Amino acid sequence: MSLTLSTAQAIIAEAFDAGREREFKPLTVVVLDAGGHVIAAARQDGASNSRFEIAQGKAYGALSLGMGSRALMERAEQQPYFIAAAAAAIGGRLIPVPGGVLVRGDDGALVGAVGISGDTSDNDEAAASVAAKAAGLTPQVA
Amino acid sequence: MSLTLSTAQAIIAEAFDAGREREFKPLTVVVLDAGGHVIAAARQDGASNSRFEIAQGKAYGALSLGMGSRALMERAEQQPYFIAAAAAAIGGRLIPVPGGVLVRGDDGALVGAVGISGDTSDNDEAAASVAAKAAGLTPQVA
Amino acid sequence: MSLTLSTAQAIIAEAFDAGREREFKPLTVVVLDAGGHVIAAARQDGASNSRFEIAQGKAYGALSLGMGSRALMERAEQQPYFIAAAAAAIGGRLIPVPGGVLVRGDDGALVGAVGISGDTSDNDEAAASVAAKAAGLTPQVA
Amino acid sequence: MSLTLSTAQAIIAEAFDAGREREFKPLTVVVLDAGGHVIAAARQDGASNSRFEIAQGKAYGALSLGMGSRALMERAEQQPYFIAAAAAAIGGRLIPVPGGVLVRGDDGALVGAVGISGDTSDNDEAAASVAAKAAGLTPQVA
């Protein structure tokens, strides 16, 4: 099973719905395939310049180390030098705060990751999880 | 006037429609704001891994030098060392072949750029132009 | 279907066998998954320092643009500035000469790529194709 | 004396054996020559995308500063800015946690390094040390 563009766009729409309902700030959502390559992205009006890179880094970092970006934050709090070095080793695409969520299909197989940036990291993560579930996938936040 | 997410998503949908009608290969479309930052992107199923980076480079390069990527190609054919150096100077985000199109609003003001990759460069450019027009914008290919 | 380490190591062993039979120079073989990430690599004694990077670039570039690296060479001969720019856009991991071969499973699905460097590009490609077939996969050289 | 491919592959096989016996998570092993260039690498099924880069960075950083990556961690805890700057200076290939082990021959001469990533850093290092010894080399962890 792979993550289709149709599913990626559904995740984005669901995340925006969640953000509107909860009155989050403008969100940017990036959906990556299991290899870390962009399938779809959208930045809501009013979001600042580099939200794409932040959201991408949450999702890419999650896939790189095989854990949701909340776990990357926990590691960064214990060993900031490790996470800084890992980010450098993979071209800077690792943002160690919540909002980068691995997504799995029915059989548990990893199919990609969702990264969201714009509101608090906790809220970004909540939107990613809600959106992944609404699209029929299982999110992994840590 | 600025390019909204709604318009960017309309451009993507129109480009995919154009691609389907003309039986193009799977396309990847990236829409950037006037500052060169990602507003929206989508990669159709079956497109290869790095099509986002190629489409982004067409659009980003166009904005960087203020001309559609067809003009970047013409410059590359005359002075390849200039385009290679310019690409290096801006982090590699300059792909000098057609398919990166500047887009302008009613008043002629630059609002962003559309980059497409997937079929021949000429077809990528045709899809970008058609899509920009269908979304009410004026494309500039060179 | 995904490419397992066991299959990747079989490809490497088969490529070395092919190289020995044909009296090729020392070869370096890199096997990537469909996302472009290293599964396995081996550099034969006597191969020069950066053969890993050359072999990786053949395979990574092939996956990035969805064609064997022989097709990347043909494109480079027509539009060297495009290939140079594409390489820069993906971090330099694109080597446009034969020896980077896409590999597909029984159902035709892309599962990864094999890159080989060390002898002539044609011989590198021949070793990659022979090795992929011997491991039960279908190689795509262009 | 130099580190042959045959020895490098033996180190990888021994590390995987150690990982299986101790029920470690999937490991990625990278073996570098004394110049820091890849001789062999293998990523076990189930390991996340960028484990090659992490394992490589442990081994490359160790060779770069002439100490096992455990010593790099100790330095990072005292002077994080030094390690961050050193990593940047060498292209990001320095991961300052245990698991990067220098390896020496009978005469004490440095012949290369082994980097492992996948389980805890302490376990990664244990696997590297066990594997180096089993292959007839002397590991240096700090």
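Per-chain residue numbering starts at 1, and chain names A, B, C and D are given in the order in which the chains are listed.
Everything that follows uses one rule, which is that a residue touches a chain if its C-beta (ideal position, glycine included) is under 8 Å from a C-beta of that chain, and two chains touch if they have at least 3 such contacts.
Since the structure is predicted, the reported quantities are computational estimates derived from the model, not experimental observations.
Undergrad: Whole-Å distance, chain A centre to chain B centre, using C-alpha means?
TA: 25
Undergrad: Centre to centre, by mean C-alpha position, how many angstrom separate chain B and chain D?
TA: Averaging C-alpha atoms per chain gives centres 43 Å apart.
Undergrad: State, to the nearest whole Å, the distance from the C-alpha centre of chain B to the C-alpha centre of chain C.
TA: Centre separation, chain B to chain C: 30 Å.
Undergrad: In chain B, which residues are in touch with two or more of the other chains?
TA: 49-50
Undergrad: Could you draw the chains as nodes, link the ones that touch, and say if you get a line, ring, star, complete or other?
TA: other
Undergrad: Spell out all pairs of chains that touch, sorted by label.
TA: Pairs flagged as touching, ordered by label: A-B, A-C, A-D, B-C, C-D.
Undergrad: In the complex of these two chains, what residues of chain A are touching chain C?
TA: 33-37, 91
Undergrad: Spell out the part of chain A that touches chain B in their complex, as residue ranges.
TA: That would be residues 4-5, 8-9, 35, 37-45, 49-50, 52 of chain A.
Undergrad: In their complex, what parts of chain B are in touch with chain C?
TA: Checking each residue of chain B against chain C gives 47-50, 53-54, 56-57, 61, 73, 76-77, 80, 83-84, 87-88, 92-97.
Undergrad: So in the complex, the part of chain A that touches chain D is made up of which residues?
TA: Contacts found on chain A: 34-36, 63-67, 79-82, 84-86, 88-91.
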